[in-house]
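The following blocks contain the structures, represented as structure tokens.
Consider the two complexes below, in which chain A is the common component and chain B and chain C are the respective partners.
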Partner chain A sequence: MLFTSAKFIAFLIALVFLYYLVPKKAQWPLLLIGSYAFYYFADTSGMYLIFIITTTISAYFAGIMMNKVNDKSSAYLKANKETLSKEDKKAYKAKMKSKKWAILLVCLIFNIGILSVTKYTNFVINNINTFLSDASKLQPIAMIVPMGISFYTFQTCGYIIDVYRGKHDAQRNPFKLALFVSFFPQLVQGPISRYSDMEASLYKEHKLNESDISEGLTRILWGYFKKLVVADRIITAVTTLISDTAYSGTYVFVAMLFYAFELYCDFTGGIDITIGIARILGITLKENFNLPYFSKNIKEYWNRWHITMGTWFTDYIFYPISVSGPMLKLSKWSREHLGQNIGKRVSVYLSSLIVWFTTGLWHGAAWNFIVWGLMNFVVIMISQELEPLYAKFHGKFKVKDKAWYGVFEIVRTIFLMSMIRMFDCYRDVPLTFKMVGTMFTRVNLKIFVDGSLLNLGITKADYIILVVAFIIILSVSTIKYNRGFVFNKDKYLLRYSLLAVLFVLIIVFGAYGVGYDSTQFIYNQF
Partner chain B sequence: MDALIEILTNLHPEVDFDTCETLVDDKIIDSFDIVSIISEVNEEYDVVIPAEEIIPENFNSAKALYALIKKLEDEE
Partner chain C sequence: MKKRIIVVASLVLILCLVLAAAQRLLMPKYQDDVIEGSMIEEYYDEELNHEVVFIGDCEVYENFSTMKLWEEYGITSYIRGSSQQLAWQSYYLLEDTLKHETPKVVVFNVLSLKYNEPQKEAYNRMSIDGMKWSMSKVNNIKASMTEDEHFLDYVFPILRYHSRWSELEKQDFEHFFTKDKVTHNGYYMRVDVRPQGPFPDPMPLDDYTLGSNAMSYLDKMTALCEEKGIELVLIKAPTEFPYWYPEWDEQIVKYAEDHGLTYINMIPLQDEIGLDMSVDTYDAGLHLNLSGAEKLSLYFGKFLVDNYQLTDYRKNETYAKVYGEKLDYYYKMIEEQKAELEG
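After this line comes the complex of A and B, so read on.
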């Protein structure tokens, strides 16, 4: 059931009506039923449901067992407060912590195991096959990859790690936990939420609220505008450009910019719809984007793009690896043997390399994603090393505060990130290097004036719509960048007028109906 | 506390660590800095700051970080 399908819109309207009609106590159970129904429609064999329920059950029991260890530990320490020495308390706490660690480890291995087997088995088989003769090649296995498994598995792992860390207690109601894992708007492409962020609003009783409805609706329509008017229109040209190597040279540059625009509208549009739906239901989700194309360097870009994934990797992979015993020893050793300057970088860069490798792998079971992740690492590392040089340059030429220099930094970041993203387009590492290379060696600016761009599957009218949509999105983003919000929420007339305008724009200019194929969100495949 | 201030100042000489209380919130220090700090704290104070203690409240100021080091020293 695509977010952009009439079936989904009917499902959503029915659910929202019921949500505010049923007794308040029944709201979150209704959401669970709705979420499972949504997931069932994604795969009517019921296999997706079996996977998500299995993950939920494992996390539920792991959480409850950790709760019990915590309760037992607190009771024991309280009862023996006077008799236990400091060393006894320390030893007891360590024993309890190792019990929780064992529970956590089993739960993580189980769930990451499911994710790995479903998503990466055929990738491993394909790689093994490259070393085997034709006669002995292994057959790929027909594997079910449940929709959104990367998202809900990471969300569930985050939950269970936070229980282990004592950030919050485990949820004692299995159905409430099931809702957290399966909340339907997030199943398509995230965001990867934290339990501590959602808990307050997910299970609360919600009254029908004008601002929730109108602001949620505005957000949904803004998302549909980006998805249907831009992403689902420009995709035709992107597909044409990347599926034929004859489109080399400056065509690759055009494909790069078009894909940057498409991915931005597809992913941020989808998240706008997700956050908007949650808002209508009175539920607050964390923002996943903060004007990423206004970033002045790659590090800033990754603080603004797919924020919930970035913070997930930082909190649950980067930090634990960086502060682990072996890494601290390596850091100490490298400082002593390689000097302070190089030594202090070793553990940080090694941890970062592992994180980017994992990030690439998370995006897909293919080498192009892994190389994409590693390219991000290389660029971040180089820019980190160049920082002192930049500081000297900025100090000498005093350009940092100049508006034109800010624009230059933004354009440079967009260009760099879009270029790395071409691995995502061509899905083939050598081909990507080759095609991106032609961008610099086969410059042909004629294609911008000789009508070549009209042969990419989109018409002149489509280009006009895309340019106007670009101006609208850029204007809205610039307003938000400069003053932090787009319009004053108290201005009801403006808010409702915008709603009406957005609705008309989507109906008139949305790429749907005869001649268009509704496409799933790009990030749904991850 | 002086040793900690020295570690932090070596990382960001332009920041006044005696007064700044928004090191993480204002993105003055990032995840790379935090890992460097933890590694140097480990050498200087012989305490391991575990991943679960890497939260903004513990790294927003030199004072908060010092309090965390003392707490971990007491626990060891």
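After this line comes the complex of A and C, so read on.
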């Protein structure tokens, strides 16, 4: 069920009605049934459900086992408080921790294993095949890749790691845990939620409340506006531009900007819908974006774009690697042998490299995604290394606080990020380098005036809509950037009026129905 | 809180009105080029009942002149035709018609029985959009939808036609409130001539059996007419293309025999009707022009009068007045079309 399909909207309306009609105690079980129904409709063979239930069961038992270890440990330490020495306590705690570590490891290997096998087997086969003769090539395996597996696997792993770390207890009700893993709005493309963030609102009894409904609806409509009016309209031009290498030179520049606009509207639009749906149900989800195109450097960009993924990688990969035994040893060794200046960077950059490699791999089982991840690492690393130079520059030229310099930094970041993202477009590493190269070597500004851009599958009317939509999105974003919010809660008349206008705009100018292909959200593939 | 509810309710009302207006504006008006989309809707403007109702595709609405039937025989008739009207669409349109009146004779053109499954969305819309809402329309939609269509798009046509905002023309604004009449009791007039040319040879088929789905709707039409005491007449219009296979014809002959119906295949009767396909067609033999339609109506009208107890309404003042106005419009359109051709 596409979020943009009539079926999904009917499903959602029915679910929301039932949600507020059933006894409050039955709300979360109803959500679980709804989530499983949603997932079942995504694959009526039931295989997707089997995968997600397997993941849930493994996390449930791992969590319960760790709970038991914790309970046993607390009871033992309490009972022997007087008799145990400090060293004994330490040794006992270490023993218990290693037990929990073993449980965690088994659970992580199991779930990451499922993710790896389903998503990466053919990638591995293809890479092995490059070294084999035609006769001995391995056959790709027809693999089921459950929708949103990367999202729910990471979410579940985050949950179990947090139980291990003692951030929260394991959920003792398997059905409640099942809801956390499968909560339907985030199955399509995240966000990757933390149990501690969701727990409070997910299982709570919710009363029908005007602000939840109106604010949820606003987010949903805003998301549909971005997805249906912009992303699903501009996609035709992007597809035309990237599927034919004849569109080189300045066309690549156009493709780059169009794709940046499409991806932004597609992904943030999808997340707006997700958060809006959750809000209507009284559930609070973490924001996944914070005006990413207002970032002044790549580091800031990654703090504003796909936030839940970024923090997941930081908390569950970067930090554990940085403080791991081998890394600390390496850090010590490099400081001794390479000097403080370089030595202190080695472990940080190596951890960062691993994170970006994994981030790339998480996005897709292909080299273009891995190179995309590594390119991000390279740019961030260079930016960091150039920081002293920037400081010198800003010391000499007092431009940092000038508005125009801020705009320059924003444009530079958008340009850089969009260029790196071309690996996602062409999906072929050498081709991406080649095509992006032509952007600088085959400049042809004529295409902006000779009507060439009208041959990309979108009409003059579409361009008008895209420009108007761009102005609307930019205005709303600027208001949010400057004030921190868009609507004042008291101004309900303004909110409802704008909601009505938004609804009409989506209905009339949305790229849906006959003549348009319904497109799944881009991040659904990850 | 009360104030807030009133404000929200008012906004919802305004929203509905705006969407309704937008829908009205964006829906095709079918007033100039493709007028076929207006035909189904026009029926509801009829003030008087009809004794003969035609149902079917272009082989009825382009080949029979209802005004000639009136002028020569005093027959009151209406053609509930639409482009590529499929058998189930004919059935539901008949069902819909019988909610408004009970004619003595229903004439169904059998060509559409060759289609057993939904065909094209564009033709579906022309057959269905103009229908008034009733269970007949609901069932018609359900039976007609192609795989890519959604029921909701019929309930809220704005969901289907929203993208027309960039194609809006003068006629969309001119005909926002009212539409011009484009047919003469369902007859689509063309006065131009394009002689019949050679048709491609018929392609042999793997299976000549008329589809069970289409035939089931013929069964339904037969049952409905029987229930209402209406004579159902099956015809195959005299035009030779699209090809009407003898194997199909045999099945209809047998069906008519089995059900006690009259079936007339008019293709072999071209000479008897007096058709000269070098002057009586406007599109090289696919459909008849005014001249051909009037000849066919003279012929078929006589058959109707001879075989069924039809009333000559020319003697009825009310009918004479209404049909007098219809005839004026008929002749006016003939003159206009001829003038356009000459001009």
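Descriptive notes on the structure:
One rule holds in what follows: the second predicted complex is superposed on the first by the 526 of 526 C-alpha atoms of A that agree within 3 Å, B and C clash if a C-alpha of one lies under 4 Å from a C-alpha of the other, contacts with A are read in each partner's own complex, and residues count from 1 in each chain.
Note that contacts are C-beta pairs under 8 Å (C-beta built on N, C-alpha and C of every residue); 3 or more make two chains touch, one makes a residue touch a chain.
The structure displayed is predicted, hence computed values, not measured ones.
By the touch criterion stated above, A:Q384 is placed in contact with chain B alone, chain C being left untouched. Contacts of A:G166 after superposition: chain B is touched, whereas chain C is not reached.
With both structures placed on the common chain, the touch criterion links A:A6 to chain C but leaves chain B unconnected. In the superposition on chain A, A:T459 makes contact with chain C only, while chain B stays out of contact range. After overlaying the two complexes on the shared chain, residue contacts for A:K299 are found with chain B alone; chain C is out of touch.
By the touch criterion defined above, A:F509 lies against chain C but remains apart from chain B after alignment on the C-alpha atoms of chain A.
Using the contact criterion defined above for the overlaid structures, shared-chain residue A:S322 touches chain B, although it does not reach chain C. In the overlay built on the shared chain, the residue A:S331 is in contact with chain B alone; chain C does not reach it. By the touch criterion defined above, A:G437 lies against neither chain B nor chain C after alignment on the C-alpha atoms of chain A. Interface residues of chain C facing chain A in the complex, by the touch rule stated above, are 4, 7-8, 11-12, 14-15, 18-19, 22, 26, 121, 148, 150, 152-153, 158-160, 162-163, 165-166. By the touch rule above, chain B contacts chain A in their complex via residues 27, 30-32, 34-36, 38-40, 42-43, 48-52, 54, 75-76.
Note for the complex: chain A touches chain B at residues 90, 165-167, 299, 303, 314-315, 318-320, 322-323, 325, 328, 331-332, 335, 344, 347-348, 351-352, 384. On the side of chain A, the complex with chain C involves touching residues 6, 210, 459, 461-462, 492-493, 496-497, 500, 503-504, 507-516.
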